[in-house]
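Chain lettering (A, B, C and D) follows the sequence in which the chains are written, and residue indices restart at 1 in each chain.
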Amino acid sequence: MTNVTRRNLLKLAGGAAIGFMASPMPWRLTDELAIWTQNWSWIPVPPKGEVTTRMTACSLCPSGCAVQARCIGGLPVSLRAPAGSAALCSLGLTGHHLPYHPARLLAPVRVTERADALHTNPVRLGEVVTETAAAIAAAKAGLGTVAVLDMRPGRSISWAWRSLLSGLPGGAVIAGPGREGASLATLERMLAIESGSLGLDFEHARTIVSFGAPLADGWGSPRTLQRLLGGSRGNVRLIHVDPLRSPTAEIADRWLPARPGTEAVLALGLAHVLIAENLVDRAAAAKAVDFERYSLLVSRVTAEKAAAVTGIAADAIIATAREIARAMPAVVLAGEDAGGGRFGRAAETAILGLNLILGNAGKGGGFLARPDLPAPFDSASLAPVQDLDQLPDRSVALLLIDASAGDAAFPWRVVERKLIAKGGLVVALSPFFAGTARHANLIVPAPTFLEAMFELPAGFDAPAATLGISAPLIAAREGGADPASFVRAVAAASRIDLPGAWARSEDLIKARVARIHRVGRGSVMSIADGAEKPLAAVATPDALLEALMGGAKWEDAPSPSVQSMKTMLLGDAAGELERISTCATAPKQSPQYPLTLLPRAPRDATASAVVSPVITKLYRESVLRRSPETAVLNPATARELRLRAGRKASLETAAGAIGVTIATSGSVMPGAVEIAVSPGAIALGDMHTAVKMEILEICAIDESGGWRQSAARLVEA
Amino acid sequence: MLGIGLFAIGLCLIKGLNQTNMDNRFAFGLWIFLDLTVIALGAGAFFTGFLLYILRRDELRAVINSAVVLGFICYSGAILVLMVDVGQPLRAWFTFWHPNVHSMLTEVTFCITCYLAVLAIEYAPIVLRNRQLRKVPSFLVFEFELHKVMPVLAAVGTFLSFFHQGSLGGLYGVLQGRPFAYRDGFAIWPSTFFLFILSAIATGPAFVLVTTWAVSKISSKRLVQPSVYRILAMVSGWLLVTYVGFKGIDTLVWLNRTVPRTGAIPAQFYAWQPFGTWVLFAEIVLFGLVPALILIAGARRRSFALQLTGSLLACAGVALNRFVMTIQTLAVPTLKFEPFMLYWPSWQEVATFLAVAAYGVILYSLSFRYLKLFPHERDLQQY
Amino acid sequence: MKSSANSGAIIKRRFGLVIDLDRCNGCGACATACAVENNVPPAFPEVNERTGLTWMRVYRAENGRTFPDSRTVYFPISCQHCGHDTPCVSVCPQNAVDINPQTGVVSQIPERCLGCRYCMAACPYHARYFNWFDPTWPAGMEKTLNPDVSVRMRGVVEKCNLCHSRWQVAKAKAAAAGKQDLDPADYTTACAEACPAKAIVLGDLDDRNSEASRAAKSPNAFRLLAKLGTDPKIYYRSNREWVRRLGDADVAQIESEASRG
Amino acid sequence: MFPGINGFVWDAGHSIFLGIFYAVILIVLTTLIRAWLLTARDFKSHREEDLGWHADFEDLPASARACRHELSGEVDSRMCPNRFDCRYCTDHPKFVAARARQQEAVAVPIPQTVAGFELPANRLYHRGHTWVRQEADATLTVGLDDLGTHLMGKPDRVQFPHTGSRVVTNGTGWYLHKNDVMVRVLSPVDGEVIAVGGPNDEWYMKVKPSPSASGTKHLLSVAEAGPWMLREVERLHIALAADGLGAALADGGAPIDDLTKAIPPSKLDDVCGLMFLEP
């Protein structure tokens, strides 16, 4: 029987097969399957809807670039620079992604640390307010002081903070450490200008002497870079001092790779040549009360001595000085780096001093006085705005972090050491559970870019005061909290009554706009048609607000020259500069830490706590931007230390260690380790990847709170 | 092994090819390399058929069945892997619907599928002669009739095979964007087209020899007369000699004319370790000329040991050649600021291939157990 | 399409990019803008520079000298839109790659692509990318996708098409205005538009008056691997001799940043 | 791909390539179809048995295909070219003639038993271990020979053709079933089955030769059967020796009745196949 059944089976199978093939079924099936692969249910489908174009401005960094948004059904799908305005950076181009970033917070949270990982549990806004009020009470009771860390000073919300703090022990608003333009405070101190601030007039400068200002990596207004890269380079020269062969160095006319930490000596050396060869503006320089002492001091720093310390050839120093003098006006910058922060006070004093002897103060193409924007409301008493290093250590009992309009990269330790021993309470306003906010105990979710009205006061490098407004394009998400109303709530809870009739941030901004309108100075630049009309021609405050909301910018009238009370070239850094001027040759590297760690970052990597996940195109999917885990060495250095490219290693400083991958590049200064401060896993949207110790946390912090360079070593794993 | 392999295949099909270690630079990897090798070795099927049915070398009747089964396994296995290798297997049939006749790959696809069908048909009579199936009279009769038309099929098979073996070579020879692979040629065919045909038909018989020997070792039975081995060795040997000859000429032309025209520097191709010039030497001499001579000598001296070593070397040689064409081509950078790259297959890739290998072994041993792969087997048992 | 229908003859153009390497400072805005414009998904954590999707990719190359003489140049590289025996077009087994006769743009038809990756092996510029993963955006972010460009499925090859959707929009606009051909001002690629230094210029290389064709003819303009004879339509220019040398095909060992790991 | 699919043009490339491709497919299909048709035709003309035997014979081991004249020692070595059908053999008559001449010289004694297997003289023998006896009424009686009987012992079941149906020389005679092994016994003659017997009778079939049937010269006379039987026993030995079963056959003495008891079931099918000319 067996074979009989087998035969039948075979027949059946064969018949079935043939029958199936003959039927249309298989063909139809394959076709359907192929079509199916083209619209798998899990492939996202782009939105459909009516196309509109709306104007706003980018609030993701202080530059406040104009933005033209292409919207579908009212929601932006792409951002670009309007015709005639500066192009957007990667951060700005992807700003409309941020409201949907995985790190986005939609409810107040309490941050707890378990198994050395951070966890968030939602809390009610009320609880946050009560706890904050309690902390304020405790501070009043003598536990410590209260401070606000403001990542974007100059916004009208700062006035709200300042009036909240005015009554509190040691209450002060701290400008975010290492932020762009921070060094101008030093120059302002040297000039002791009593009101307003200084503005940079790149427009008319013929030479830009940049000490580490990463102009090509986003520093100051993008217009400057455009001017440097634009076809008509002829009329502006760039001299760049930087141990890194950075993009800025690439576009510089002269690159001076001074040894890290010797910038002050180089500045003094340049001053020496300028004075010796009588290339300075005597009249302006003589205004300085300590000019005699200054010239005596710099006279010690001959080009040769400077060369020995900085590693820049003497004749290069001399040539540079002459170049500067030849192409005046020449503005000298002590540029902060988005990753490396600012130079120490002494260095800044030495560098910026050059401006004073070149007579840049109050001269076109130099530094102009810039009256402050009108305050949003009058207030009897306001807490001061200070630099972090003006706070005593271990003093702050309650720290409020205002990261509602952006963030900055700095070692948390510079702030942490200001907190009282027990740590105190840290409350952050931030849209994301990322960046500085991760160090807070409580986080209140602020709206993101495009979700609310943001204020764009002039960048530090604008010659005159300006104001723009970033108009919201997306309805604010549920669970967000407005910073101003949070201030109000806290004030109410701790029975502080705040001046002014404002409830929300918009109110503050509107009030300020109204005041600008009342002042009546300046003009309104419309992005749409590039037309500029005097403010006087704008009928009502509301009309002005409307214009600004439409992407226009208010610009103050050209300002009067700088009224300096008492110019000082050495100021409070005199002592240190004396020591430096002895030119005790370059600070010896300790044998234990033979390398110099140089953390640096382009601005678009740090200005916001998070970036669009699409930025992986630059960091992960290509090697254009180095990952924060890549330590780059000069091949020679690597050979000396027997480190091979591609190997894993541990980068160690006195402050700690992180795991890195070694890379080599001829562009790196021998003995230096370059590390890019760039978005980590969370900032790029990988909420599940384990968070690594960040490079800044192991950087050494100098006495004036800087972290540009640290002694380090690499140990191959 | 089969199980793990199937699991790996599942992963690749469901989760996508991110399961492999291939990347945008190594668009081809282990799979393509082994496919090419396997198909080259599978050439034994058509070439033995060609010798037997067209050139009437009747001694080879002793191995034809085994050769056909081998061919069938090699081709079906290769196609199986290809189906996993492509990103959208469900669209495989597009090639037949929107063929780009200028693409070597189209030719390969068409020929391989046709040839697999032919192999299946050639396989059928062997199956139908099974002791149980033959009791069904219609099968036996059909087999008988099929057998009469076999030469036609053999001819067709030969034609197809010649073409796709060639096209597989053309696959790389036409890549003018890859100076390392690009070759001048005749008419529309780059030289690799012909070299691949030669190397395939040269190693095909060698592979048949090796497998036959292996099977008889494992089953500890004598399967074919020594004379058959000798013929295979002889054929393989002489073809290999011609191959090496042409390969040598081709290499010289390539290094001295083709490459300079593309602006590339030949020396740079071998500047990256581990792919030094030794590769070239191994490819042409160590695994080309040497086995050829060994094979011929072995056939002459009637020394089976020599024939076997020669065959093994020859098979290794064709594998090396396919490896160079596939992997080294992709490893060598074209842009100056692009790095030299290497890649290691992921376990999924390896497992997938092992699964196919397992399938081959199983299918072959089943065929060996139930079908008469070596007609003379019984006789040789007797005396 | 429409305009070419109502105007008998098809207007033949040769669109290409001219990239001024002396202006490029490697900010990467072009790469970002491209990804946003063309709905190229972000990368999973396990993705690396070898498995990513970067239609416009900026390479960093150095002159091989060491500090302080080391110099860096950035090469923004997209599909080079080869015009003559285009390597990828001829090898695709199922016509999933073709050259648009109206624009000279080499375009990929993802719906027809089988994912055999033969074209990637054929491309000397490594400008073609395979979707190793399913395209995935964080929840909600699909609202920000460009409606003019469909998202590609896993398992197919994709690459730069000079913002084909923008070209279609421009054509449609011209057609609506009853014009035969688009106004060059209406059509530019996302990368060219986004470049802060205006280093990237799109234009018809056959049109004498176009800025691009003029720049392409400048003495310091060159094309990558020109000797391969594939006639790419992406031109580069630099006044630095060593940079121009980097474009040639002789595979010299230049220590490049990419060679890490 | 076909006209109508977008962008398709019948350029030279397409024409040549697709032309060749379809030609190939066509050829493959036609050959297949042809094979089918021929098969059908063969069935119509009832050649299946013949063809079946044709295929079988080819697959028989060389040892089983020796010519009867090799067995009888008239020629050193000769493969049967005619699939054991001497009726159409051109050489057979020559051999017979030659033999006739020799027989005057020596009269060969006719053995009754060979290696313990009986070979009754009044029968003709077929290579498939059957015998044929011509009856007075011109019918033919067909049975299983002694070795066959011993080999199978008493079959569990016999599967006969229906009486009245035709059997052809070397076609299937009947099937023997023994411990679920099925053995096909070749029919030694052409003709119509008029009666069937079984293991209990000494015969299996009575056949009325068809008029077309051209005699019985393809069958072995007792004289020839002797050496043939010797060879068969030898083959059996070898087949069994492969598994060290040589002892199963009583050496020289009377063989045991039922070898199936001695032979392991796994091997039985092969051994029977070997002896009953069923590869």
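The definition used in the following text is that a residue touches a chain if its C-beta (ideal position, glycine included) is under 8 Å from a C-beta of that chain, and two chains touch if they have at least 3 such contacts.
Predicted model, so just to flag it, every value in this text is computed and none were measured.
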Central chain (by mean CA position) = C
Message = If I rank B-D and B-C by number of C-beta contact pairs, which comes first?
response = B-C
Key: Inter-centroid spacing, subunit C versus subunit B (mean Cα positions, whole Å)   = 38
Inquiry  = Averaging over Cα atoms per chain, report the distance between subunit A and subunit D in Å.
reply    = 97
Ask   = What is the distance, in whole Å, between the centres of subunit C and subunit D, each centre taken as the mean of its C-alpha atoms?
value = 76
Where subunit A touches two or more other chains at once, by residue number = 3, 37
Note = Note: subunit D residues in touch with at least two other chains are 182
Request  = Would you give the residues of subunit C that are in contact with at least 2 other chains, written as numbers and ranges?
outcome  = 48, 51-52, 59-60, 95, 134, 153-155, 258-259
Key: Of subunit B, residues touching subunit A in the complex   = 88, 90-91, 93-94, 132-133, 135-136
Request  = Sort out for me which residues of subunit B touch subunit C in the complex.
outcome  = 16-18, 22-28, 85-88, 91-92, 94-95, 97-100, 102-106, 109, 171, 174-179, 261-265, 268-269, 271, 329-330, 332-341
Request  = Would you tell me which residues of subunit B are touching subunit D in their complex?
outcome  = 96-99, 101-102, 106-107, 110, 114, 117-118, 121, 129, 131, 134-135, 137-138, 140-146, 148-149, 152-153, 156, 159-160, 372, 375, 378-379, 381-382
Inquiry  = Can you tell me which positions in subunit C touch subunit A when the two form their complex?
reply    = 23, 25-29, 31-37, 39-40, 42-43, 45, 47-49, 51-54, 57-60, 62-68, 70-72, 74, 111, 134-151, 153-155, 193-199, 255, 257-261
Query = Which of the residues in subunit D come into contact with subunit B in the complex?
reply = 1, 5, 13-14, 16-18, 21, 24-25, 27-28, 31-32, 34-36, 38-39, 42-43, 47-49, 51-52, 54-56, 59, 61-63, 182, 184, 235, 238, 242, 269, 273, 279
